[in-house]
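Just below sit the structures, each encoded as structure tokens.
Presented sequentially are two complexes of chain A, the first with chain B as partner and the second with chain C.
Up next, the complex of A and B:
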């Protein structure tokens, strides 16, 4: 069989991901809700992989949530992002590592806008110089931080202490992966596997011993919808879309959900709580809700890091059912302790406890 | 009649998002908003490409343009390379520039987004920060969120961060001179004027509706009205 054509087509779905020397930009939502995830990424890259990942304290929001909430104009966000590129240039970096799917989508949209409308690029250069006296270069390489974990997924597989296998049955765990709309639906070429075969999370799950669940609403939006969540009157939109996904995945009995985007993670976790409160509905097996993990939390977990140092206890849906299935050794008494071991108050009414 | 179509054409997102719609409806089939609201992105694109300024004005004053969630799923699927969501984004921007957004319940919500996410950008250097997500306005965040806010310092330290301090790290304090740069960018690029325009038209609408309006903050009748009002007429 001739496969040359297939190989050529498949090449369009591959993504070149830089190997080292990253300029790291944080996410408003990930650092607010899952700071342990960002800190694990930096620890893994710097201390385990020995890579150079630089963070500039003058990096700010990209204003992406304001832009998609339609209160920040295009010229403004293009110039804020240009400022980030200027910081990167000043620090001598050419590879950007982005911790947020909304930001990632913003960066891809802006770079593509500048390609299609070069006058917008020139205008942005003038705006930035006038506002800050800074100048910028467009990054040579752009990766979402999950792309980088994907790139090193086999190295992580070599260090796995707890594979994605049910220790009692020996069967692979069933994992729902949720990519997040702005990762590759807008500009597929920037995502691993594009919009049709996104494999950034699936590749991790496969490499670490799990099975990816393919369910009807796998690519449906989590329901964030920006203004549809930001404004209280609209939140039925957000909740309804999450419910649509959970109704669809429920018959497949997933052991956990893995997310790419911090916003999606927050919604798929918190709306499960809301549905339990409002309707008494739980979506997991045995009357339990389904834990929702970030890819950094999962990488740390399979490598044997203390789940409480990764921040798993700070989701609404607690992860003990998953930890027990994987056979993770953990200390329940360490869960709500400070860094130096002092006991903190124990929160009440968390799910799966 | 003003040439609204020409105004829309000044927005590169509109030029990029609208090629030639053949009314196949794939965008509507994939659209999460179309399942939830009485919403059909195909109709919006078809209406706009007709270049009828009277119809476009109605659209700019309507609830319809505020239903999209900007997930951009339509971009992937349109066989003609249109992006209905980009068309909607251009319509929303023009609606606010012209002050038409206060004519609809959903449009008036822009004031709430400006006062929260918009002002967070200047105040903190972030669109969202843990300390700006109050449990009272976000009951869905549940008891763990109240716990995190009550124990922020210890929680962040356990996870390797230091909240609100200068230097690298999660939720670091953004230095004053950096926030000043953000303000300058907003000033130079029209972001500040856009914010002021939302304020001006919202104040006017509050007076028309007989609701209290304050220069700052969330503690006023108009904010509470636009943040919570839902006439339940948005669905099929």
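Up next, the complex of A and C:
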């Protein structure tokens, strides 16, 4: 495989990512499933990089899950997104930073729709004004938060305490990256590195010492695929897609999976538990399952933050095998303790413990 | 008019046209940007439909321009063409001004850059090659993977960069189907045990003896034809290629491991031709090739008096058609110079 060829493609998909003054929009589910991720992003941007990142408590869901589940019509979601842009305008921001890949896909789809069908933009302006008396501007710059971490990946590399290297063997860790279908498959130009050989997560992995694993089902859906999962009868289809991916990556013995999208992380993490329960299959080396991390968690981990402050314990597949490989210091007794030291209930049947 | 003609482009069309004009008594300056003439034919091994060695064609064309009336200028790039009454001035990038009564554009085509079809991984995966790369292997007498092994299972993707809105080429490149058929047979000749699969949208076998070749490839060589486009290519742990394709006749998706994948690169207007068109006001069509003044009666004539076209600068053509088109261009130039008609 020639990296030079990938670099040529990446050069064609370099997007402008703003440097400062972001209007931050959270994900619906990330705060529940990986509570440390958004928290770390805000801490890193504000306290480490000294950037201005603004949140408006009136920001709501983008309704993307409902839209892809066929219960929210296009005009409604366009108006909801227009309201987000109105909040951004009212707060004096022009650069939007989006935490969720589904939302990012929704925003890109809507902006492209408005570009090609200006009458839809005018209709949306009218709907929003009638409903809320608000007006909006289209953002000057739109970035997924992984784009922003990618932009600052070398600054993070300068602060790395635990590089992506196996401390015992000295070899780079093998990392599967998964950007999520809605990040750039619809509009490759909005993604760092495009859609076929994306570099948004790969660039972080390279910068922090790891090796990206290019396996045959790299481009395949994680298994979420809204209708595959939201329609209960289709959940077997969801699982079978995830199994296809893990079967394909298994021979490469990845040390962990890095994800971009909340849904992908959830499904690649939790379906491993399901497969273990149903079939007794584990996909990682040494009889262990493969930890699945978010890019914020990984950034915090390589910078030396406490893995329990980053929320790694809230994944189904526990990350201890990875922490040991990287030589990360951690106290297993603190894993399920609150900040003030109280013991929380310990979940049952966690994997890799 | 004194009868001075400049032919721009020293490939098959330019060489044939220059030779014909020289034989008719005109003074011809043939300009080629590369150091050697022959164009794309130099990179081809055998030609369809009869698998003639391309060297024979090169020798024929070299003989054509060996005429005393032809002045060959190689390593020279044309910047633009200016018009001053009935005289055309061909300006080169090194500052030469060549005066002519007529100019023939024979700037040819560029092969589609297959890396633009990112999903196929050309330039990334070692054993994804183009039809041109395969011809070079044939010429060398070695069809091998990067690791030196002889490929036993080979896929060929038709229409790479042709009939593809995504890359901006909606037209058919016409030659890729028959090239794939010919190359599939050549692979079998190199390794009779090889299994070859052609993935096509439609088999467009419109040329003389093409259909016969297609039939022979199936009956004699056992080439498999699967109607469907390859959607993505990747590499597995054993460095074999894994492709996904939809078999549209069987109506189901297909996943296949291959040792080598050959991309049948289409034809595009040459970059140098496009630059001269822009700088000189020569009309181009929707497909970006030079636009003929009339599709039926003036396929060699341009929108500018005294400027003519020959060969694949107007549309994809095979060697036979290119040579015929070049001869027709020569006939139009002769008519123009002798009778002043356009």
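Just so we're on the same page, the second predicted complex is superposed on the first by the 341 of 353 C-alpha atoms of A that agree within 3 Å, B and C clash if a C-alpha of one lies under 4 Å from a C-alpha of the other, contacts with A are read in each partner's own complex, and residues count from 1 in each chain.
Note that contacts are C-beta pairs under 8 Å (C-beta built on N, C-alpha and C of every residue); 3 or more make two chains touch, one makes a residue touch a chain.
Predicted model, so just to flag it, every value in this text is computed and none were measured.
Using the contact criterion defined above for the overlaid structures, shared-chain residue A:9 touches chain C, although it does not reach chain B. In the superposed pair of complexes, A:136 makes contact with neither chain B nor chain C. Taking chain B and chain C in turn and counting the residues of chain A each one touches, the greater count comes from B.
When the two structures are aligned on the shared chain, A:150 is found in touch with neither chain B nor chain C.
By the document's definition of touching, of the two partners only chain C reaches A:216; chain B does not. Residue contacts after overlaying the shared chain place A:23 against neither chain B nor chain C. Contacts of A:236 after superposition: chain B is touched, whereas chain C is not reached. Of the two partner chains, chain B is the only one that A:63 touches; chain C does not reach it.
When both complexes are aligned on chain A by C-alpha atoms, chain A residues 195 touch chain B in the first and chain C in the second. Considering their complex, residues 115, 118-119, 121-126, 232, 234-237, 242 of chain C touch chain A. Chain contact summary for the complex, chain B toward chain A: residues 11-13, 16, 32-33, 35-37, 66, 69-73, 75-76, 89, 92-93, 96, 106, 109-110, 112-114, 116-118, 120-121, 125-130, 133, 137, 140-144, 146-148, 150-151, 154-161, 166-172, 174-175, 178-179, 181-182, 184-191, 194-195, 198, 226-230. For chain A in complex with chain C, the residues that touch the partner chain are 1-2, 4-6, 8-9, 194-197, 214-219, 251-252. Residue ranges of chain A in contact with chain B, taken from their complex: 26, 28-29, 31-33, 35-36, 38-39, 43, 55-58, 60-61, 63-66, 68-76, 78-80, 83, 105, 113, 116-117, 120, 127-128, 130-132, 181-182, 185-186, 188, 195, 220-221, 223-228, 230-237, 239-241, 244, 270-271, 273-274, 308-311, 314-316, 337-339, 344-345, 347-350.
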